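Should a chain be cited, it is by its letter among A, B and C, assigned in written order, with residues numbered from 1 in that chain.
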Amino acid sequence: MRFLKELGQTDPLNIGRQLHGFAAELYPICRSITGDGIRRTLAMIQSRIPLQITEVPTGTSVFDWTVPEEWNIRNAYIKDAHGKHIVDFHQSNLHVMNYSTPVHATMSLNELKAHLYALPERPDWIPYRTSYYQQNWGFCLSHKQMLALGEGDYEVCIDSSLEDGHLAYGECYLPGSSTDEVLISCHVCHPSLANDNLSGLTVTAALADLLSGKSLRYSYRFLFIPGTIGAITWLARNRENVGRICHGLVLTGIGDAGGFHYKKSRQGYAEIDQAVTHVLRDCGEPSEILEFSPYGYDERQYCSPGFNLPVGCLMRSVWGTYPEYHTSADNLDFIQPLQLGRSLRVCAGVVDVLEENRRYRNLNPYCEPQLGKRGLYRSTGGEAIATEINARLWALNLSDGAHSLLDIAERSGLPFATISDAAELLCQSGLLAPIPSGATFAGRDGRLQTDLDKAQQIRGSHKVATLD
Amino acid sequence: MRFLKELGQTDPLNIGRQLHGFAAELYPICRSITGDGIRRTLAMIQSRIPLQITEVPTGTSVFDWTVPEEWNIRNAYIKDAHGKHIVDFHQSNLHVMNYSTPVHATMSLNELKAHLYALPERPDWIPYRTSYYQQNWGFCLSHKQMLALGEGDYEVCIDSSLEDGHLAYGECYLPGSSTDEVLISCHVCHPSLANDNLSGLTVTAALADLLSGKSLRYSYRFLFIPGTIGAITWLARNRENVGRICHGLVLTGIGDAGGFHYKKSRQGYAEIDQAVTHVLRDCGEPSEILEFSPYGYDERQYCSPGFNLPVGCLMRSVWGTYPEYHTSADNLDFIQPLQLGRSLRVCAGVVDVLEENRRYRNLNPYCEPQLGKRGLYRSTGGEAIATEINARLWALNLSDGAHSLLDIAERSGLPFATISDAAELLCQSGLLAPIPSGATFAGRDGRLQTDLDKAQQIRGSHKVATLD
Amino acid sequence: MRFLKELGQTDPLNIGRQLHGFAAELYPICRSITGDGIRRTLAMIQSRIPLQITEVPTGTSVFDWTVPEEWNIRNAYIKDAHGKHIVDFHQSNLHVMNYSTPVHATMSLNELKAHLYALPERPDWIPYRTSYYQQNWGFCLSHKQMLALGEGDYEVCIDSSLEDGHLAYGECYLPGSSTDEVLISCHVCHPSLANDNLSGLTVTAALADLLSGKSLRYSYRFLFIPGTIGAITWLARNRENVGRICHGLVLTGIGDAGGFHYKKSRQGYAEIDQAVTHVLRDCGEPSEILEFSPYGYDERQYCSPGFNLPVGCLMRSVWGTYPEYHTSADNLDFIQPLQLGRSLRVCAGVVDVLEENRRYRNLNPYCEPQLGKRGLYRSTGGEAIATEINARLWALNLSDGAHSLLDIAERSGLPFATISDAAELLCQSGLLAPIPSGATFAGRDGRLQTDLDKAQQIRGSHKVATLD
């Protein structure tokens, strides 16, 4: 558990404060799926980790979609008849519906109201609204502001532009000894919203920083992309290489005070699902595993049936289930340094498991090897054995080519690190040998594990026919 | 959900009253597995739906069985020494053991008692007894009648005949666009017993009436047959065509006040099992799913190992578990119009699911298609999505050739109709295309669904070797 | 259930008293993994059942191990400065660490203490300790004895020898009509410890005695061996024939007052696992089924990945979980005649199930055969059917080549004996025929049984590729 150990040198609160500090720098920027806000954001990430930035021109076809016009905004306000600024973009970039077309006009309250969005049940908060693909303009304001609007004419101004330009995304690629890839993806298109998704952005960047320059088994690809259209664009441009992705995670909403939620990949039994489940079980915080569903973040695209990549989504509180979601209350107070730091630790733990998870072959498969003569057993018989010795017995017994270390950890109930340490020691003693990577086998939870393992292993070798 | 909608125009109580009225007409007839009682019954069904009646001669070999002599009865009584009618067939046809041989004799109470059947624990009720295959005669009477019998001689008379004749059954075949068949079977051999099985008979006839003259995907075959020997006779005469049956239901005991019970087919994972389970889940009444067992109604024959057809059994209260079962208390008051009407609705719902359940192919399987430009998405981003949109995402994501709409409904937790509507809309938009019928895949319940789906799909393509 | 019936003639308490009497004869002997103690033990077993004794020379290579020097001991004591015997081997053979090297010396209390073992938390009990493979000597004594040791010099004497010799084990082979084998294994290397494992030894010997001279379907092999090295030695010498073992049990710790525990084989779904689970379910005592783990008794060797034999372990209280384990408190009072007798009954029940468990073919698979004309059904219709008739319907319905009688017993919820009796009767009536032995199918528990059966049957025909 190399990266977890490296992180362990520092208090998670200290690390989390750095992450929170970075989030605070990024918070004021008005981001969208295109435009200068996201460019500034990518540049700030690039100052911390090696990042290749790609600009894709407006009008480019990406599967069923088209890269849209680039949106930029300079100013926006609503003034009342007395010239008083009622709503001002410079106070909060949430005030303007994202992708609003330019407008400068005077109109009655009634006309204006068709373009106003508020949350009656949360009278102090400004909602976050977008209209990327349907030309429209609008203002978001607190319900209190809405109530204060008297009859009369209002001057509305949105000084924005929608023009041919580019969609930008950032990519940090860390080559490992294998071209098999681990994908970590976060969306970076939301304006002043902290949990959704400066939390995911900062944790992703910190994870890339942690792995950067290290000797790695897998190659790692960190994507900082606009949600939906960014993932679709990246997939369209990298369609041929997507098969390299062995494991993937979407990181989002990972800084709030809630416990962890992991939404499984569409495959549902992938190694990433097994790895995250295992790490969360021992992380010391409450956690819940959710079945895959096709609504959510960019796992929607990675797990579309044509790709069906093993990509899950790690969150704390689930989008849409907390009132602050997509409002001005998802601010810098809503995300907490300690939670950010702990989220990074979980991610590092997942990387450690993926890096170390292998299948081994028992080189003495007939009866137990004599561990005692190798100093790997207790010397006085009759007493109970230690966990470390138990882990060696498990690693020997299940290293039959069918079980990975994660499978053994699950079946034995022992932590992955204990099993992994045992396997390493047994390798050094010539009792186990790693099996070269190739087809991997997924294990499964609970008491039916054995039977389901079998069912899954069969699945592995006898692919279900699907149409394409 | 075409047929459910058509039924929905009428209050289930009104429909149920019609069903109950038909049951009341049929109730007085003394039916048996052969004879004029069943002929009159079939004729009355034939006046409502197109029915082909088959007469199979006594002595015909049907697998391990032989069509028995035809039984008819005109009169039966027990008179005491004073000439008083103690028991009279014309008061209740249950008084005579069904298939009693003719007898006319005078005998002592002691001799008579060997031929009397009563229910001490239910002193007012007459039991229902039969002796089809062992020549015998007997009277069934209430325990109170039994107790009132004094010493002395009794005149017993059963004016019945057992002669070469025929076994009659009725068949209503509604051709659909495919020769693949749905089988609906009910037994029509019981005399004055209402729930068992005038309830099944009337609901089956009403379902046939509902589907008659309509454009159908499947062909439907409704069997009105004597229990056991009727099903065996039909199977023996149709052995070559039985492979056309894709889905089947035995309907019985479906008019009492109890909740639904569905006994799964021997296969246990057939589409009919999945469909009925799904419909019952949303039917608004309590319901319970029972594992297959080899005792019961004619599913015993359809699910014998040589056929192993996907035929389940839909009931309300389970035979043998309620005291009125097989007694004179299973009368017209025991079945309720509202329950009959609701049972018909459930059957119509099952037909709707079978008719509409298909697998589809996502024609844009790489990433989500852009629903917004087709008017299939919300226009303002940032808010939650409606159930209808969620259903579209599910239908797109799982239309990979392996999942049927029922599978998608189960996995998403959404009603079948919502998923089916979504699929239809997506077809109209050119995003989905139906996959021609052929091998179907069954889904499964609960959290293990994914794994078991796989196991089952494997089963589909790699048949388990069985001996024959 | 032939052997269970034979045992049933005698009160289990009476049989248990005989077993306890034999344990009492064996109790005083100082056994070890080699030496005269085990020879005397094997000779006493040989006086009761036919036993072939094998002596394997010191130095023989057995897989990763080597047969050790033979250990014998004549005397051992600790004397204080006054010549008083503080610790005396003749009072309890547990006082000497098993396999202690010879020593005769005078030393200070401090020097001595490095060689003393006691249990502070159980001040009256002597622990059991061994040092087979690391040359050492030691004394085990009660904590009270330990506390009573004053400062001063002590004379220590262990009159033992470690010399070239032999490792002895006993084997009772009862040939059956098939060379397919059932293996029953117990370790016989522990000195004065009653539950671990005179209980297993005496029950194994009694089971062999019960089966001896009888006509048997399987061949039975009873192993009386030193733990670990004995099993390894036997496996090394019989490597070529191990494939004959179809079912196996390790019997240990089977005489104490606790309920039964069965640790499943590594396969986890073997017929032995199914059989023991079924027998325990109906045994009238509490029981628990444990998943396989690689620590325990000689199932460790039989279930090593190279062999992966279907061998489970039947116990009462689980080793290591009760305080008396591996101490002088595991004495003749700790094992109870009634428990020994009942344990033998469970073993006999398992043998009965294995002997009788077969798959049958329904010779009338199309519809039910007419049981009534063969006197196998009730004669009066309308009433409930008896359990015996229900068992016949189950046996007919599931005798499709895929289900064994055990599978049918599990799926029907009826006792194995009821299903087995039904199958025998149906065979006599020409309705079923046994399928010649060959690949067997395992069933499985609970509501997912059907699906998992399928998964497992698939597994049977499509072997998972493993490396070797």
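The rule is simple: contacts are C-beta pairs under 8 Å (C-beta built on N, C-alpha and C of every residue); 3 or more make two chains touch, one makes a residue touch a chain.
Source: prediction; values computed, not measured.
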{"item": "Pairwise touch network: line, ring, star, complete, or other", "value": "complete"}
{"item": "Interface sides of chain A and chain B: same vs different residues, half threshold", "value": "different"}
{"item": "Distance from chain B to chain A - Cα centre to Cα centre, in angstrom", "value": "51"}
{"item": "Chain C, residues touching no fewer than two other chains", "value": "448, 452, 455, 458, 462"}
{"item": "For the chain A and chain B complex, residues of the former touching the latter", "value": "62-65, 97-98, 117, 127-134, 136, 138, 228, 231-232, 235-236, 239, 266, 268-269, 291, 293-295, 300-301, 303-308, 320, 326, 444, 448, 452, 455-456, 458-459, 462, 464-468"}
{"item": "Residues on chain B engaged by chain A in the complex (per definition of touch)", "value": "361-362, 364-370, 372-373, 379-385, 390, 393-394, 396-402, 411-412, 435, 447-448, 450-452, 454-455, 457-458, 461-462"}
